[in-house]
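You will see two complexes here that share subunit A, one where it goes with subunit B and one where it goes with subunit C.
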Partner chain A sequence: MEHSNNNDPLVIGGVELQSRLFTGTGKYGSDTVIPDVCRASGSQVITVALRRVDMNAAAGNVMQHIPKHMQLLPNTSGARDAEEAVRIARLARAAGCGNWIKIEVISDNRYLLPDGYQTARATEILAKEGFVVLPYMNPDLYVARDLVNAGAAAVMPLGAPIGTNRGIRTREMIGILIEEFDVPIVVDAGIGKPSEACDAMEMGVDACLVNTAIATAGDPVIMAEAFGAAVRAGRQAFLAKAGPVLTGAASASSPLTGFLGE
Partner chain B sequence: MTIRVNGETTECADGQTLLEFLEGRGLNVRSVVVEHNRSIVMTDDLGSVRLAAGDELEILHFVGGG
Partner chain C sequence: MSFAQVMEQYAGKDIAGMMDRVTVADVQRTLSRRTLSAEDYLVLLSPAAAGQLEAMAQRANQLTVQHFGRTIQLFTPMYISNFCTNQCVYCGFNTRNTIRRTKLDDAQIRREGEVIEATGLKQLLLLTGEAPKIASVEYIGHAAKLLRDLFPSIGVEVFALTQDEYEYLISCGVDSMTLFQETYNAALYPSLHPAGPKSDYRFRLDAPERACKAGMRVVNIGALLGLDVWRKDAFFTGLHAHYLQFAYPQTDIAISFPRMRPHAGEFQPESIVSDRELVQIMLAQRIFLPRCGITISTREAPSFRDNLIPLGVTRMSAGVTTAVGGHTSEEEEVGQFEISDPRSVDEMCAAIRARGYQPVFKDWEPLEDAAVAG
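After this line comes the complex of A and B, so read on.
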């Protein structure tokens, strides 16, 4: 294993993950780069989406590019309400990719912000059906509470709107979720740079999901490696517990006595 | 006879099974998931479901996504 922190697994739905970076499969120039992204990032969880087959065109199959060891996390993108999310989740499970599901319920196509109420409804139904439910959410205390009460295995607050690479614009709100909940917190959406993923991990989030920032990078494989390193660094920094921040005057790192001339 | 497939009207042979329909369209049944009149059909059952006029199919597969 190339990962550090081998005694610090993230456990979701009974699965032990050594990597705290989740990756996506959308927006790549070619899906053939996905195996290299998986290897370079060290990621063990990967998202996919479910769509209608185009009956008039031969289609590629994204699944053939996903390494066998990866934990699949199909999403319910395209769902506009809880019923559609539940329908997509059941189809994804029937398609043979396991029982993890990322709930994504969005009816606003301009901002792509998740509908908390519908997301909680879908979470409740699917958790009862034995799914390991990871809902994508606005980082809102009350929505998170509803999701946890509904049986979410983790919650996935957004850092910024989907696909924007704008970073962690919701830092304070995510901080509240870290304080208040024991379920894993996975920052999903908005992370644009490794430093931002590192920052989120230093804050104490449990994992980061990154798709666009890797897929749209000039070199996705190098960027994947950078994100893997950044997430590990951030996690280690969190575990190491940073020293106090002092305001006002300085505090010498070297002794202030015993100079040569004394 | 006429059925609806992924929202579009399509012709298919009378009495065809779902398996025959999918294979006739060149689809790998292991890489798609099918809803027949809003019910999920497991891959192993595709050969035992016969299509009837007016049936609605959703044929889906995994694509890249985040």
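After this line comes the complex of A and C, so read on.
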């Protein structure tokens, strides 16, 4: 896969990533599309729910479809509290899924919003155990601080409730996290369209995780390609430092009062 | 607060009459809402909404794909005992029916489990009639323990239990419970359940809530559609799921839509639910509760089940027998009811894939035994 800016890797847990788009494995009509999604998007990180992984199944196991070069990001989907998240993380590592873990602690099945307190507790325990912990969170300054202090390798604020494809509804809050923290900020959940991923990247987030919008698209492979391009475009725009946005009176491109001297 | 108190708010109200007054414009307005109230749900179950099925189907499909993806979970029931002290007038296991009664022993349970496991299925539902002296809670828990290494997810569909008993089953590895109220019509209920412990309407009505309190991961409820006027029972089933979702956000709430089927007995249902009507109920349910699981059993015919796949179903049974020991027994046993979809697990998977959906065998990782050493 061609990458537009090879001097701009994203480093998480000591791993250098050329692509800033993370993808997922849930919700596909068939797992056989996963290799094509990975290729078309250029993504190098893929999240997988441990609850769905069947290590004993000879066939029908999602892991068979994940290309070898992908960085696995097992998630703790199904965990209702910190203890369950910790157990799932340990099971994932024991099952050979590596030491990256996306903490997802959800104890409200109606809105699927993450529980900040339980997430921070799980993060603290797992970071001490050597996991590279990426917690899914509400974009809340205090929760983010707890997570970073607990050893999170990145934080993953939601743009909108999971699966809603409503875009970056938490824009202002994510902006605060970008200003405040040095750890990578990965927008997770809510992004429904490539333009929204592009927008998030332009704002200065470090990466986007997109699952539902790709998996439920009419053509997931083309949509994956579109997201890959959008995330690259957004990142380039961020690096290029966009000109100021006009507010009120026009500003001239060359000074009009220079002739007056100092 | 309990669900009985929610139901009291509707006491004396003419629900069917309220549905009759709904207009097509009401239905269209409701379909454009982001979140629905109980009254909105009533609108979607109305006769007026029956003419708006395609619009409802589009919305239901969108919501289901968004929240669950193009996936269908598969499970199968295992009947371990058909002893029953109840006299449910619509059931083949009714104590007054002269069928052969059996209860599986340890070796038979294990053997059934191994045969099912060989088909690839990972989610099992244990069923019994209600005979607590013969097939006790301990017996059911013991069966779960015998099978837990074969199945990451074990559910029970047994008689109504106390909270302590649900906690005990969870400690044995059970993670989901299914219990149908049969009908929410308290006045009609006694005539359908004339004798036996199941005749206690209120103890049954509160059982799903006790399971939530006990910490059950998944609680699946339903009405046996046709026992009463179906619109009313469908309405209260939805309200019940809604109540449980709000009161117990940690629990995954799911609904089943069993329709009356022919069985060993002569009972004829009050109202017959047509295919169109069952679809309307399912669509209304999905739009009202977008995150609620929906199960469709093999009571329904193959082609009808296939057509339901994009409409809101999240769970289907496959490779089903409703007879005790039916997965291994060579004899013709009498089942609880006659199934309409006898397809094997492989055939079911092929049908799901043909619709562009993915059959999911495993959706839980048991944590009780997991090594937690740090």
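Assume the second predicted complex is superposed on the first by the 238 of 262 C-alpha atoms of A that agree within 3 Å, B and C clash if a C-alpha of one lies under 4 Å from a C-alpha of the other, contacts with A are read in each partner's own complex, and residues count from 1 in each chain.
Heads up, the rule we're going with is that a residue touches a chain if its C-beta (ideal position, glycine included) is under 8 Å from a C-beta of that chain, and two chains touch if they have at least 3 such contacts.
Given the structure is predicted, the values throughout are model-derived calculations rather than measurements.
Novice: Given the superposition on subunit A, are subunit B and subunit C in a clash or a fit?
Specialist: clash
Novice: Go through the superposed model and pick first if A:D31 touches only subunit B, second if only subunit C, both, or neither.
Specialist: Both partners, subunit B and subunit C.
Novice: With both complexes superposed on chain A, which partner does A:R52 reach: first (subunit B), second (subunit C), both or neither?
Specialist: Both partners.
Novice: Please work out whether A:T212 is in contact with subunit B alone, subunit C alone, both, or neither, and reply first, second, both or neither.
Specialist: both
Novice: Per the contact definition in the header, classify A:E84: touching subunit B only (first), subunit C only (second), both, or neither.
Specialist: In the superposition, A:E84 touches subunit C alone.
Novice: Now for A:S41: first (subunit B), second (subunit C), both, or neither, which partner does it touch?
Specialist: In the superposition, A:S41 touches no partner, neither subunit B nor subunit C.
Novice: Return first, second, both or neither, reflecting whether A:T170 touches subunit B, subunit C, both chains, or no partner chain.
Specialist: Touch status of A:T170: no partner.
Novice: Identify the partner contact of A:T123: answer first if only subunit B is touched, second if only subunit C is, both if each is, neither if none is.
Specialist: A:T123 sits against neither subunit B nor subunit C.
Novice: For A:S107, using the defined touch cut-off, is the partner it touches subunit B, subunit C, both, or neither? Pick first, second, both or neither.
Specialist: So A:S107 only meets subunit C here.
Novice: Which partner chains sit in contact with A:P74 here, subunit B, subunit C, both or neither? Use first/second/both/neither.
Specialist: So A:P74 only meets subunit B here.
Novice: Across the two complexes, what residues of subunit A are contacted by subunit B and by subunit C?
Specialist: 26-28, 31, 50-53, 90-91, 94, 163, 212
Novice: Touching residues of subunit C toward subunit A in the complex: what are they?
Specialist: Those residues of subunit C that touch subunit A are 65-71, 120, 122, 152, 245-246, 249-253, 291, 353, 356-365, 367, 370-372, 374.
Novice: Name, in rising order, each residue of subunit A that touches subunit C in their complex.
Specialist: 26-31, 50-54, 57, 60, 78, 80, 84, 86-88, 90-91, 94, 107-110, 112, 125, 129, 163-165, 212, 215-216
Novice: For subunit A, which residues are in contact with subunit B within the complex?
Specialist: 24-28, 31, 47-53, 55, 58-59, 61-63, 74-75, 77, 90-92, 94-97, 162-163, 189, 209, 211-212
Novice: Residue numbers of subunit B touching subunit A in their complex, please.
Specialist: Residue positions touching the partner: 5-8, 10, 25-28, 31-33, 35, 40, 42-43, 58-66.
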